[in-house]
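A short worksheet on the structure shown next.
We just call them A, B, C and D in the order they show up, numbering each chain from 1.
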Amino acid sequence: MEKTEQKQVIPYQRKVQYYETDQMGIVHHSNYIRWMEEARVDFLGQIGIPYDEIEKTGVIIPVLSASCEYKVAFRYGDTFLIEIEGDKFTQVRMSLRYKIYDEKKTVLKAEGSTSHCFLDKNMKPVRLKKDFPGIYEKLALHFGESIHC
Amino acid sequence: MEKTEQKQVIPYQRKVQYYETDQMGIVHHSNYIRWMEEARVDFLGQIGIPYDEIEKTGVIIPVLSASCEYKVAFRYGDTFLIEIEGDKFTQVRMSLRYKIYDEKKTVLKAEGSTSHCFLDKNMKPVRLKKDFPGIYEKLALHFGESIHC
Amino acid sequence: MEKTEQKQVIPYQRKVQYYETDQMGIVHHSNYIRWMEEARVDFLGQIGIPYDEIEKTGVIIPVLSASCEYKVAFRYGDTFLIEIEGDKFTQVRMSLRYKIYDEKKTVLKAEGSTSHCFLDKNMKPVRLKKDFPGIYEKLALHFGESIHC
Amino acid sequence: MEKTEQKQVIPYQRKVQYYETDQMGIVHHSNYIRWMEEARVDFLGQIGIPYDEIEKTGVIIPVLSASCEYKVAFRYGDTFLIEIEGDKFTQVRMSLRYKIYDEKKTVLKAEGSTSHCFLDKNMKPVRLKKDFPGIYEKLALHFGESIHC
């Protein structure tokens, strides 16, 4: 596989919403888990497999685990920027790492991770390479061989 | 229909959650719309038609409109209490009114309303009385004839 | 006041988030109330009074009422577009109307409204024209005289 | 310290809300992070330090990290039950573990953890034992000495 074919993924960014703050005056920590989902589906769209189309083909990618370490709080008025990198990728699972920065990428404000499996609509595991090679190949192309289990 | 058979519905109440506050130090206004849903499904459960079972029988009750008037803010540490009354009820539609009080019911802190239709899983209207008489009768029993359109 | 100075406001738009859907397979109705907030603060930013700066000057603009009429559901994969227009504007209150369209603005999928007052940080009313003329003038410039109460 | 004085904490439980589901037909994973907060503040209330009163005394307990492992999905109609146990507790930090079960506690559906620090309203660390002995002692009484760092 030629790593040179790998598309460069643009980091995901948007402004903090008012309704994402809490009475501490900072973004409620649960929203970072949602931000990682936003960044993840944006990433999947950028590598050619929009998540709404994935679900229409019959694959769902539920979350097996999620974690976040909060270093510096986000406040209303801030913009966040998320970089994703693949951690592990197999035919049946995928795990991702997230770095959450301020808009100018000068401060690493949080770090997170999620892991996922590939299921069909009846919540049964699918073998991505065999059953959905189009999805498999785009993920494999992006993640590269080094992180295949 | 014997109005005397109508069950007395217990108001819905629970504590405000921390994640429902915003940086104004009060509950974010969007949550009242969710609270009305909580009160509505609790009400449906109390009159014998739990909403999870309604959906399993093939009826969904989407929201056609929702409104809320905010009079006195809720804060973290507060408990809210919601009273529901039927406004209109027909074979194809239902509208409800909500009074949102403090725990002791001394202050009317907000008032709201929602209207709904009855659809099948393909988002097509159902005739409740004909197609789902069990659900129809429980709603009719509770709402009474006076509010039938 | 010269209406010709009024800035043209660009409609607010973004993609539906996965976490905004519910098990009906559509966007949960409570999120439209949040979308209207997103559009409102975007609008305020466009006319020169970013909401985070408004709050820093000591003015908060809480919601007195909110309503939404749901016509056609949004689904995951959709983009929504919101147009705002001023309904009423006085020194002490403001009300807004929202039209929520699909991305191409071919279908009016929902309509909403909110009303607001202007308070200081102790939740006391402020006289916007006298106490915060900079904010007042930008709102007055945009809304025009015709809708002053 | 007499471990025998430690109060027995009742597990936190409530029904899943409709708005907590997503289009997979299960509870969206971000809500488990919120559920852990609900369980945590309920726990603090049970051991005599209601979180709203803690914040009024001038201490905030922000989240430094949060994680959740999802084993079996929750669906609408389910009730969840959360057991909390202290993991580590010092004058400046606290970490907690969460076991999330079905209502009858027959299936361990998820496990999570959070860690926290103790700050004042200016986001500066406080020495809990010295500055807020009332809060410190109740936590120490519950957690026991074995988990002090």
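Just a few scattered comments:
Everything below uses one rule, namely that a contact is a pair of C-beta atoms (placed from the backbone, for glycine too) under 8 Å apart; a residue touches a chain by one contact, two chains touch by 3 or more.
Bear in mind that the values here come from a model prediction, so they are computed numbers and not experimental data.
The set of chains in contact with subunit C as well as subunit D comprises A, B. Centroid analysis (C-alpha atoms only) places A farthest from subunit B. Our note on geometry: subunit A versus subunit B, Cα centroid distance of 36 Å, whole angstroms. Remark: subunit A and subunit D have CA centroids separated by 26 Å (rounded to whole angstrom). Inter-chain spacing, taken between the CA centroids of subunit A and subunit C, is 30 Å.
In subunit D, the residues that reach two or more other chains under the touch definition are 18-19, 23-24, 26, 30, 34, 37, 55, 76.
Chain-to-chain contact here is organised exhaustively, every possible pair of chains being in touch. Residues 14, 17-19, 34, 37-38, 41, 50-53, 55, 76-77 of subunit A are the ones touching subunit C in the complex. If you check the complex, the residues on subunit D that touch subunit C are 18-19, 21-26, 28, 30, 75-76. Residue ranges on subunit D touching subunit A, taken from their complex, read 23-24, 26, 29-31, 33-34, 37, 55, 60, 62-70, 73, 123.
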